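Encoded as structure tokens, the structure appears first; notes follow it.
Chain nomenclature is as follows: A, B, C and D, assigned in order of appearance, with residue numbering initiated at 1 for each chain independently.
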Amino acid sequence: MGIVIRKDQWINLAIIATTLWFMWLASTYFDEYTVRILNNIAIFTILAVSYNLINGVAGQFSLEPNGFVAIGAYVTALLLLDGDAKEYQYDIEDPYPWILGLQANFIWALFFSGVFSALLALSLSFPVFRVRGDYLAIVTLGFGFIIRILAINNPEITNGSLGLNDIPEFSNLYWTGGIAILSVWGILNIVNSKYGRAMKAVRDDEDTAIAMGVNTFKIKTFAFCTSAFLEGVGGGLLAALLTSISPDLFTFFFTFQLLIIIVLGGLGSTTGAIIGTILVIGGAEWMRFLDEPMNFGFFETPAMPGMRMVVFSIILILVMLFAREGIMGKRELKDLFKPKSKL
Amino acid sequence: MIRVNNLHVYYGLIEAVKGIDFKVQEGQIVSLIGSNGAGKTSTLEALLNSVKKTGEVNFSGYDTINHKTHTLVQRGFSLVPEGRRVFINLTVEDNLRMGAFNNDENYERLKDAMYELFPRIKEKRLQMAGTLSGGEQQMLAISRALMSEPKLLMLDEPSLGLAPKIVGEVFETIAKLKKEGITILLVEQNAFVALKISDYAYVLENGKIVMQGVSKDMIGNDEIRKKYLGG
Amino acid sequence: MILELKNVTKKFGGVTAINSTTFAVNSKEIYGLIGPNGAGKTTMFNIITGNYQATDGEVIFKNEKINTLKPHVIVRRGVARTFQNIRLFHTMSVIDNVLIGFDFQTNYTYLESIFRLPRFFGEEKRIRGRAMEILDYFGIAKFAEHKATDLSYGQQRKVEIARALATSPTILLLDEPAAGMNPAETKELADLIRKARDDFDLTVLLIEHDMKFVNQLCDKVLVLDYGKTIFEGLPANAIKDKKVITAYLGDFTHDSC
Amino acid sequence: MLMDSLEFIQQMINGFSLGSMYALIAIGYTMVYGVLRLINFAHGDIMMVGAFLGYFGMAVLGLPFVAATFLAVVGSSLLGMLTDKIAYKPLRNAPKISLLITAIGISFFLENTFNVFFGGTPRPFNVPEYMEYIINVGGIIFSVASLIVPIVTLLLLAIILWVLYKTKYGMAIRALAFDVNTVNLMGIDANRIIMLVFGMGSALAAIGGIFWAVNYPSVEPMMGVLIGLKAFAAAVVGGIGSVGGAVIGGFIIGFTEVVVVAFLPEYSGYKDAFAFVLLILVLLFKPTGILGINFDKSRF
């Protein structure tokens, strides 16, 4: 019995091959600025598809990414920096001895970032998913704040508000792009399994899902922890790309950007999350002009830092009011190739 | 008073009411009877414009098809909804106050009239409505609906979930209301109690009117008896 | 005896919805719960499925007390249900709706699904096959890939029953399955339920208003009125019973005739 | 540590004052949640706008403090009602997640619009002199403001409770929390009642914001975020949906914060985290809060 590859699998393979070829092309020929944007797109793809899993697929409104990305970034940074580098840069307080001893290679650093985030997510699941309601949003919003407060108030671990610098720059397009492809693959595998079906059932009608024997607490927890795991990994990649991190990097704006991405792409669609990432991250670069002084010929506006964020929030509100389904709705790429059938 | 022509009601895919005509004349009790799912409640909801529908509804000369529920109530409709739906977290008296929301000047007078009509709820006027028994809740729901001094009172399944003895009491009250000149549209699956107090009746089945006539004549009708016992 | 309710009482605030009701359903029986609207029938279902906690009394299923178990656990023990107003998962296809019923009978882990390990493929193939069999049984296999809520009302009702059967129940609770159907559809449904009872080795407990439907289908009926049992026995006798007639039709028997 | 009774009383007064501010803001959260089951993320930012309006009233228009407060109250309630009309009302029948996302959008919009036009640096708030007057009663030192804040709060609470329990509009608000359709059947436009709720909640938030600005004499565009989060935690602790609960929750959060900072100064860096910890504990052990209503009813 040979391996039979269906039509949509051919399409997937073609997409993966094209992406790999593009990664090679970009890292060989593109300028540094473009590569940085591509790296950003790859990392945000990881974050967006995982954020979409809890928000879009399982329908549980959460505002967690900045918290878990921060955790991942710090864990990776602490594992990648060697003892000397740490001793040298802790200015506020001396680091704990065990901090100096932390050390791992890049893969393990990313893995631990993910696991640590997922464990924290697990501990949040108990208060939040045990009661039905909308507390997930507010608890995760608060969680993001707490992580920042902890990072600022524990200089023995995090070097406080100064953050960590000189993190070895391990991330490149092969790492970010490769992990992005794996994440998309893994998430799609979940979505197209009994777990993904159960998540959608919880989103559509939680009571009925229970009436079919689904353990909805477990399903929501799985979705939440999986998101947290990949957000931790994404945070690790980000730390190893930027080479310096500080608590101010992980404000609510970070989460907000991801929210726009998945809403614009279509809540619940992994394909949509990827399209949204390209549009928003690319668009954010393009919209930089908004923050700068503008010359309308007859008059010139002063520089308005933050104007982009105003535009982002207006886009988000407009999409919710007038095009709630976003670009893809709940469809995936393969659904576009299905012939339209009539009953 | 009210004339309905070619009314269709839709719930998503289901056409719950499939083109019915009926009318209620001033001072009468008219009942719509039929088994569960025949389209009775849908008809009432359509009169109050809370569902998707097509057709013509003429209420004392006004075309009401495009008005919102709350303006229709201000125009003189009043509904005692299925399952009573009293505000369980409000006191009995506050429930009556809600009924007179747009009728401030007559509130005190009407309140006293209701307490006279239903002495049982007067005793409990400061209790939360949720603590009343089913029968008392039904009486409260009726008096709340009367607080707006409606031109047309509609009752949706007033016998629902009530013990037979209480059903008797409720229907006696309805008959009394008619004597005071209130026009009533009654929707009921308990066909015989409805027929007993009404002047005219329409029988609904699967969204269509299958029979109509003067209530007195229908009581003795074998077919009706058969239908509602399934014999 | 497969399901037994002993002195079950349910109070909401001060109102008693069910007043010390006792009844027992035998294996392979089609048992009808009837009574006027608001008589506490759906509440009874919710107590059996664990959605409500009985204020008093016991629910015994296959010789075990189940009234303290969580709803999803009770389903896994073999109690399946449908809803009065059809509740399908509206963004999902017909087959995915049915596959949710197989959820807890599908044996692969989360990691096996993420990494697409062999057991994932084997199990998916197995349950898909079984889901298609059930859809085929109901004559709706050709709609498998359609969005469930695009189907007609009667077909949606069948999807809902198919989905409930996918949980491999011992007892199936049907909440007004014939509501909104015309006489021809009702007849077809009655035949289908009876056939499914035989083919799937089921016990059926159903709520219904349509006396004709109950008469055609049920082996035994329980008539509830305002939370109290007023009749238990053969449906043919129910419609001759004085108390039942009074509850259903009002007291016309001694007044107006 | 030996608890000095003078200092204890001193801290109680501070806690009362801080708790009052949380309570004022929490009432808006709890009322909107009651009628729409919506966590109105923009509520903290409406408080911020209120504080800014007070600031502009005094610094730009030269109004006296009371008039500026009045301006803030009117402006905030109009803004609150406007957000309902533009952003929430069109989504009444949409899935709840759409409503929550829109609320986040409004919140982010207000923060960043103020940030762009007025800058992120805190602006000093002109506190009237009489508010800063220090009273010394037998060694207990407190400002007039820390006395006025709780008094005004209790007064406003009395007014709110009077409205809710004694006027027909208040009854309609309470009725709406349980049954929207039947409220319409009373000839009441439920949407107007919902708007009224937004107006009332926003007015209280504006007063809370002004008090905040008086206590920490400055205003800045992001001030609503953390205060809003804590006030929401207060609403949950007290029991979401209950106005009295919001006040109790506000005082609990206020007192905890003051007590911890005063008596466990080594943990004062975490003072913003206590509300959150309390929120988690309540969700774990008593999800309905102290006076809460169970909105979690299954819809079978």
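Quick note on the criterion: contacts are C-beta pairs under 8 Å (C-beta built on N, C-alpha and C of every residue); 3 or more make two chains touch, one makes a residue touch a chain.
Since this is a predicted model, take the numbers as computed values, not measurements.
Chains touching both chain C and chain D: A, B.
Most remote chain with respect to chain B, judged by CA-atom centres, is A.
Centre-to-centre, using mean CA coordinates, chain A is 32 Å away from chain D.
Averaged C-alpha coordinates give centres for chain A and chain C that are 43 Å from one another.
Multi-chain contact residues, meaning those touching two or more other chains, occur in chain B at positions 88. Looking at chain A, one finds that residues 207 touch two or more other chains. Residue positions of chain D with contacts to 2 or more other chains are 298, 300.
Every residue of chain B that touches chain C in the complex is listed here, in rising order: 12-14, 16, 35-37, 82-83, 88, 130-134, 157, 159-164, 167-168, 189-193, 196, 206, 219-220, 228-231.
For chain A in complex with chain C, the residues that touch the partner chain are 186, 189-190, 193-198, 200-201, 203-205, 207-216, 222, 268, 330, 341, 343. For chain D in complex with chain A, the touching residues are 37-39, 41, 87, 90-91, 94-98, 100-102, 104-106, 108-109, 112-113, 115-116, 120, 225-226, 229, 232-233, 236, 269-270, 272-273, 275-276, 279-281, 283-284, 287, 295-296, 298-300. Residue ranges of chain B in contact with chain D, taken from their complex: 48, 50, 68-71, 73-74, 78-79, 81, 85, 87-90, 94, 97-99, 101-102, 104, 144-145, 148. Interface of chain C with chain A (complex): residues 49, 51, 71-72, 75-76, 80-81, 83, 87-92, 96, 99-104, 106, 108, 110, 113-116, 120, 124, 127, 143, 145-146, 150-151, 163-164, 166-167.
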